[in-house]
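My structure is below; once you've seen it, I'll send some questions.
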Amino acid sequence: MADRWFDYGFRVQPHHTDYGGVVWHGTYIQWMETARVECLRDMKFAFEDFVAAGYDLPVVDLQLRYHQPLMLGAAGLVRTQLDVGRGVKLKWLYEIYDTTQEKQQLCVTGHVVLVPIDMAKRRIARHLPADLQTMFDSLQQYFST
Amino acid sequence: MADRWFDYGFRVQPHHTDYGGVVWHGTYIQWMETARVECLRDMKFAFEDFVAAGYDLPVVDLQLRYHQPLMLGAAGLVRTQLDVGRGVKLKWLYEIYDTTQEKQQLCVTGHVVLVPIDMAKRRIARHLPADLQTMFDSLQQYFST
Amino acid sequence: MADRWFDYGFRVQPHHTDYGGVVWHGTYIQWMETARVECLRDMKFAFEDFVAAGYDLPVVDLQLRYHQPLMLGAAGLVRTQLDVGRGVKLKWLYEIYDTTQEKQQLCVTGHVVLVPIDMAKRRIARHLPADLQTMFDSLQQYFST
Amino acid sequence: MADRWFDYGFRVQPHHTDYGGVVWHGTYIQWMETARVECLRDMKFAFEDFVAAGYDLPVVDLQLRYHQPLMLGAAGLVRTQLDVGRGVKLKWLYEIYDTTQEKQQLCVTGHVVLVPIDMAKRRIARHLPADLQTMFDSLQQYFST
């Protein structure tokens, strides 16, 4: 079975923290979004082109478990992979690590589910134009092999 | 059985939206936090005093389902209630509505679980000082009657 | 000479703070935006309608001076007024106070300049449709009397 | 005369945008902060260590001019340099570019002024411990040669 992950590294800046000196719990959602958009970009799927073509990919479900806090100045890593075989839905699994020390620490786990929407029809896009469909297919392929 | 909710109203401002003209999915976390902090304040539990006393209430679990988007300029309402009887953990249930039209629309449902931490000992605070414990107890009481 | 101010009150929540336990310096921009959008709404100028009509009001200039920090849990107040007589540009002046104690403390001063844009033509809207122009005029009027 | 700049590249993600499909005007403050913290880190000045040593560097003045918007998916670049010779104050100059096209476009210019604070004494730190002072001096040196 495949176990491919896309990695996105970040650094905890002052604006990511709260009064506790650690990352505010809602901040992780930004890094998770960045990680999946950059994963798509890596596969020649530019999300801004998808939007320009009249589609969107809203999040319909989100779940997060917080195990350890990430502190100001920490080096962090988002690992994400597509959980393939869910039809039109895209379910991304996440693990977020503190990589400041040599021994990485798992800080947050979670997932996000997105659904492609045809913005003109305001409904789920079960059939995409050929070029966009090709991108979706290669995404599924990448994470299933 | 009790069905008490604490209500917190808000308005969707430009900084809450994304390129789609609707609320960015991570923005809701802010309103959910504000609603529960203001609910506590309403019960004479000032969160900043809890922090000053050496405690914290980090979120350990968060789940959200997005049913309908909220648009720029929309009037919104966060409804929250404590799901009592979970020992030291505080589980808050959420419903977020679009109240712009007379017929309210349910947009987001979810929950958040928080755990009191003794910051000096860096562990779960199973026993709080008497005055803080009293606040926790009256919170449980309020939502169970 | 007139000295009218529009007042918008807020409370400092955890997500507004940084590691220092005070409001992160960029957070004020959100409250300043909310204050001016709500000031417009108060004058029957719904910003979302302005956008829906094909216009926008981007910020072209912003200046802030930070005098005192605002702490977690503090009650704050944004005061804003339009500096009239600048033609098509809207210059909003700001004062942000800590109102937690009876004696209010001035924390931040600044201003923001916005320019109406015709989104279809992608340029400055020197002439607005009659109904929008009426709103602009009454705004100028309100702050000049 | 020296003209050294520290460069920090970024990508415009969905959470950076507003209803207009462009970067919300307050978002730039985050990238500006990241750029200067990473510039300091590059010079072996870890901001988190400065904070742990009992100091802070709050922003006391901020000015921004917006020339062109940055769109969803755009590649951006923050260029910053220290305007040396201002005593204890650190004034950072900024230029933010859209680097998506080969011909870079200047989008935002501005500056930020920070002041070192001794957190125990709650006042301006005119004299820093030797190791911190060395970092400040080498920072000044770097940008003046």
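We call the chains A, B, C and D, going by the order they appear; numbering starts again at 1 in every chain.
What we mean here is this: a contact is a pair of C-beta atoms (placed from the backbone, for glycine too) under 8 Å apart; a residue touches a chain by one contact, two chains touch by 3 or more.
This structure is a prediction, so every number in the text was calculated from the model and none was measured.
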item: Pair from C-D, B-D or B-C with over half of its contact pairs in common with A-D; value: B-C
item: Comparison of A-C and A-B (more C-beta pairs in contact); value: A-B
item: Averaged-CA centre spacing for the pair chain B and chain A, given as whole angstrom; value: 25
item: Cα-centroid distance, chain B relative to chain C, in whole angstrom; value: 28
item: Between chain C and chain A, distance of the C-alpha-averaged centres to the nearest whole Å; value: 34
item: Contacts with 2+ other chains: residues of chain D; value: 14-15, 19-21, 26, 29-30, 33, 51, 72
item: Contact footprint of chain C on chain D as seen in their complex; value: 19-20, 25-26, 29-30, 33, 51, 56, 58-66, 69
item: Contact footprint of chain B on chain C as seen in their complex; value: 11, 13-15, 21, 29-30, 33-34, 37-38, 46-49, 51, 71-73
item: Partner chain A, residues of chain C touching it in the complex; value: 14-15, 17-21, 24, 26, 72
